[in-house]
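Look for chain A in each of the two complexes below; its partner is chain B in the first and chain C in the second.
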Partner chain A sequence: MAYEAQYYPGATSVAENRRKHMSGKVEKLREVSDDDLTLVLGHRAPGSDYPSTHPPLAEMGEPECSVREMVEATPGAKAGDRVRYVQFVDSMYNAPSTPYFRTYAAAINFRGVDPGTLSGRQVVEARERDMEEVAKFQLETEMSCPALASLRGATVHGHSLRLPEDGIMFDMLDRCRLENGVVIMHKDQVGRAIDKKVDFGKPMSEEEAAKRTTIYRVDNVAFRDDAEVIEWVHTIFEKRTAYGFKPE
Partner chain B sequence: MVDPTTNLEDLIQIEICPARFLSPETAQELLNELTNIEGITRAFIHGPRLPTTVPYGPATGHDVDHKFSKTIKIGETELDLAVIFGRIRLEILNEEVRENIREVCERTLPMGYEFRQGLFIQKRQTVSDYAKRGPNADPTTLGLADPKGKVGNRVCMLNPAE
Partner chain C sequence: MADDRKKMFQKDLEIKFTKAHGDNKMEGGEITDKKVTYYRLGVDQNPRKVEMRKAGQEMADKRGLVGYNPMMHCGGIPLGQRALTPSFISGTDMMVESDDLHYVNNAAMQQMWDDIRRTTIVGMDMAHETLEKRLGIEVTPETINHYLEVLNHALPGGAVIQEHMVETHPALVDDCYCKIFTGDDELADEIDPQFLININKQFPEEQAEALKAAIGKTTWQAAHIPTVVSRTTDGAQTSRWMAMQVGMSFIAAYNMCAGEAAVADLSYAAKHAGVISMGDMLPARRARGPNEPGGISFGHMADIIQTSRVDAEDPAHVALEVVGAGCMLFDQIWLGSYMSGGVGFTQYATAAYTNNILDDNLYYNVDYINDKYDGAANKGTDNKVKATMDVVKDIATESTIYGIENYENYPTALEDHFGGSQRATVLSAAAGSATALATGNGNAGLSGWYLSMYLHKEALGRLGFFGFDLQDQCGATNTFSFQSDEGLPVELRGPNYPNYAMNVGHQGGYAAIASAAHAGRGDAWAVNPLIKVCFADDMLPFDFTAPRKEFGRGALKEFEPAGERSLIIPAR
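Right, the complex of A and B next:
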């Protein structure tokens, strides 16, 4: 019998969603075109070539190295792309993903990425076209809700604040707005105005967000409701403590 | 305006914290309803700042033009919102006023709110207040603005003394 990776314990919807995010088997909910993605990332003009920091690997003549022979370079590394970043922010009010699970999703399912996990934001650094692949995956699937998650290169503090009346996570730089029932982004991820309003579609309803979230909350699925998760957390805590204990 | 004969120690302080940040329209409606209630001596709106330009990052200096950064009208007074309406702290005369305010909240805040009584606006000068404003500072502005900031455009008198 072939081994199947097991990602996360638990029987609740939150545990199931966490497994989905980690395994990358998530539902695609919306389409974001390449040009729209380039616009909101703000690293280069849409349609322009990827600027490079070194010639393509094929032209460089790499040294003889067994590791280089075993591991194929990512498309971005092969082409010599610059390293660029994408940063997501997820509201604490039942956002679909969280920094930890965005990081798991990136690190498990993509190569050549450097995810950074912080309390309120999650950044992925990678060669530009590899980074865009991760960003597109996370934006188009159920890992993001246009109202409760957003692309923010700077100024992320809205994640921990109450939602405004329209349900769009507070943003000091006002990058996303609700217009005619859909969420549009009219600035790039650092707050520079862009030429076009990028449409990210309808926000999730409160019920749908509660169903798709990876956040345990007392007012939705409480952490303590999931006996298997608690058991594993206790096990890991106990073992970490026991192995870290060094009497002298 | 606090009547100079009123003892500051007898005033009640309450805080109203809506379940959601209020849009300028709802904030204006709530504030207008509150101004119709007799017996509120001071009010303090609290919430995250709405900057006019991007303060840091690669876009520093670009205009923000925030959707919540609007001018609201309270009675005849116009007020530029420098923060999004997160919560309001009020200093009131007595418990009857408190119940009137609770009724207004029931009407204007359908999203739900927390309503509590406590000490939210300081009653005595701190060292910073003293250093900034001196010994004879106006007691009405005490605790309403950062003593290290500029008071001018942050404190609004709705019914200035004649």
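Right, the complex of A and C next:
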């Protein structure tokens, strides 16, 4: 019988959304052009070549190695791209994703990624073109709402703060704004001004965000009510505790 | 359990978030609002920041080299894009500026650490045996009193044997002294009261009897070398300074020969055989001697804090005071300065002892436990619930979900604890301390701590930062293992326990769990009765019965520290 990944327990919409994020089977909601993505990431000028840190692997005369033969290098590694990052901040007020589920989504569905998971932000480091693939995937799909999630390389403060009146997650560096009903980004990840306003489209409505979110909240789907998830956490906890105890 | 209690943080958050402070325009709204106006007023909104900016400008003008300038933040976007708000010290009515809880800006915090670092406990019995059995010198209460009079001259830096000696100025070292304590009531009655830590007077009767039984007829010196000496040197100096002055004082008090071999025995006893340090020496990679914060076990910390003897009937309060003291010392000073640097650690640590958010969670847990487990959270030994996995799961789960729901129902509470590390500490400290209170078992409390971390992470999809996430997610595996290098009773763990060496914000919580287990039982001490008695001394500049209040006094500039140098610097 073929194994079918189960990803996550739970009988609620939040648990179901977590399974979707982990499986990568998420709905595409918007288009972000390559040039716009390059602009907001801020690592190079749109249209410019990828800076490299070594020649293409094919030109390097790599040593014989069974692992190298078994594992095909990612496009970025093949080309010799430098390692660059994309970092997301997700509001605790029903942003679609959360740091751990961004990490799981990246680690399960993409190769050559190095995710880092914190409370207020989640970073993925990878060869530049590989990273861009992850970034685009997460920006274009239901994993992100332009009002409740944003790209922030530094000064990430905001995930836990009350929302401003316009519903755009607080950003000390004011990288995102609501203009004419759509969210635009006029600074790059680290807050440097960019040449154009990049349009990320309309914010999700409160109802849509509540439906798509992966965070439990007492005013939406309470963690307390997802008995299967709590039971699963208890099981993991007990097994780890018993394993370490080793009473013999 | 129906949650119809009034939240203990409600008043604090209402004043913090719905009243104007300085020029921050925070007047109005409710603490349950999910939206707010951000005025982006910068540092101009906050009186302390304005004062600091002015001081930075004056300093730059005076020295001709720039320094503090808030416009250096984020390339010209200063702090204060959100409202800068003060905080209440938990368990008090003191509202303080957040900046004033950095230990550099808080004399009480500095003094707490000074008072611990400059303390050593030295046994008298080995020295007395040397005098009596080897030299045939009679030791009586009268000679002990005389010796203590000599020692209290010598310990601060007074000469007792040689001619033409330099000495320290008494007004610079007036915080230095030595008292003694014993479990022997008859001997205690004979000691001049000025030299005695009177166990019967300082502790409730039940605790006093337990302490005296543990100490027995042994006698101990509680010595505090000068703050200024300890600050100029380090914690490892404390026992050395004490040993030198002990040796000289014995020579003077008992008319010994300054060079006779017995003096070496007295020194050996004072430096090694009969000395109790507050903290153990650390391994080379941490490179600290004894009496530095990284070596202070959580059990020692629980014993240093004295709330258990003045509010024994409220063990939750005892644990909360240990949280405050532990977070300040272990996070703000040890991890925040010894092991790292900068200012971020203050944000982590203060979450656990400001605005009553942790207090509310823990007292909710007390009610929950008392309702469900027949008063198990009250002080006592016969009322405890057996430490089983089911009990750990029940208490830690209820506590954690209650705390998470507070953050969800009160967006201002979430905004106050705006970092996941802060929330992780608070939620787990509540869960761990409550489990320890109910079971009287510190490691059951520790188990509750780790379950809380798992639940928190799964509920919110986030926890803290990798540095402690990793350790909090693997800690359950060594909670009950006491095999070498794998685990320890929580009382004997400390900041340098392998999994805790980077546990930012957590170590005060661990100390609280150690404290809660014993305070919950009504024990007179957690690990070491000598340390408990040593700090039961009203003469210490820092009041160890109420560390959080002392931090508040420090922030409000009401605290009088020791070791000041105004006597030897130009008058201003």
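One rule holds for everything that comes next: the second predicted complex is superposed on the first by the 244 of 248 C-alpha atoms of A that agree within 3 Å, B and C clash if a C-alpha of one lies under 4 Å from a C-alpha of the other, contacts with A are read in each partner's own complex, and residues count from 1 in each chain.
Simple rule for what comes next: contacts are C-beta pairs under 8 Å (C-beta built on N, C-alpha and C of every residue); 3 or more make two chains touch, one makes a residue touch a chain.
Because the structure is a prediction, the values reported are computed rather than measured.
Steric overlap between chain B and chain C is present once the structures are superposed on chain A. Contacts of A:Gly112 after superposition: neither chain B nor chain C is touched. Applying the stated contact rule after C-alpha superposition, one finds that A:Ala193 touches chain B and leaves chain C untouched.
Of the two partner chains placed around the shared chain by superposition, neither chain B nor chain C is touched by A:Pro96. In the superposition on chain A, A:Gly153 makes contact with chain B only, not with chain C. Between chain B and chain C, it is C that contacts the larger number of residues in chain A. In the superposed model, A:Val229 makes contact with chain C only, not with chain B. Once the two complexes are laid over each other on the shared chain, residue contacts for A:Arg240 go to chain C alone; chain B is not touched. In the superposition on chain A, no contact is made by A:Gly76 with either chain B or chain C.
In the overlay built on the shared chain, the residue A:Arg177 is in contact with chain B alone; chain C does not reach it.
Counting contacts by the rule stated earlier, residues 155, 157, 161-165, 170, 172-174, 191 of chain A appear in both its interface with chain B and its interface with chain C. Contact residues of chain A toward chain B in the complex are 153-155, 157-158, 161-166, 170, 172-174, 177, 188, 190-193.
Within the complex formed with chain C, the chain A residues making contact are 18, 92-93, 97-101, 116-120, 155, 157, 159-165, 167, 170, 172-174, 191, 214-219, 222-224, 229-230, 233-234, 236-238, 240-241, 243-246.
By the touch criterion stated above, chain C contacts chain A in their complex at residues 33-38, 74-75, 77, 81-82, 389, 393, 397, 401, 404-405, 407-409, 411-412, 414-415, 417-421, 423-424, 447, 450-451, 454-455, 457-466, 469, 474, 476-481, 483, 486-487.
Per the touch definition, chain B reaches chain A in the complex via residues 18-23, 26, 48-51, 54-59, 62-68, 84, 86, 111.
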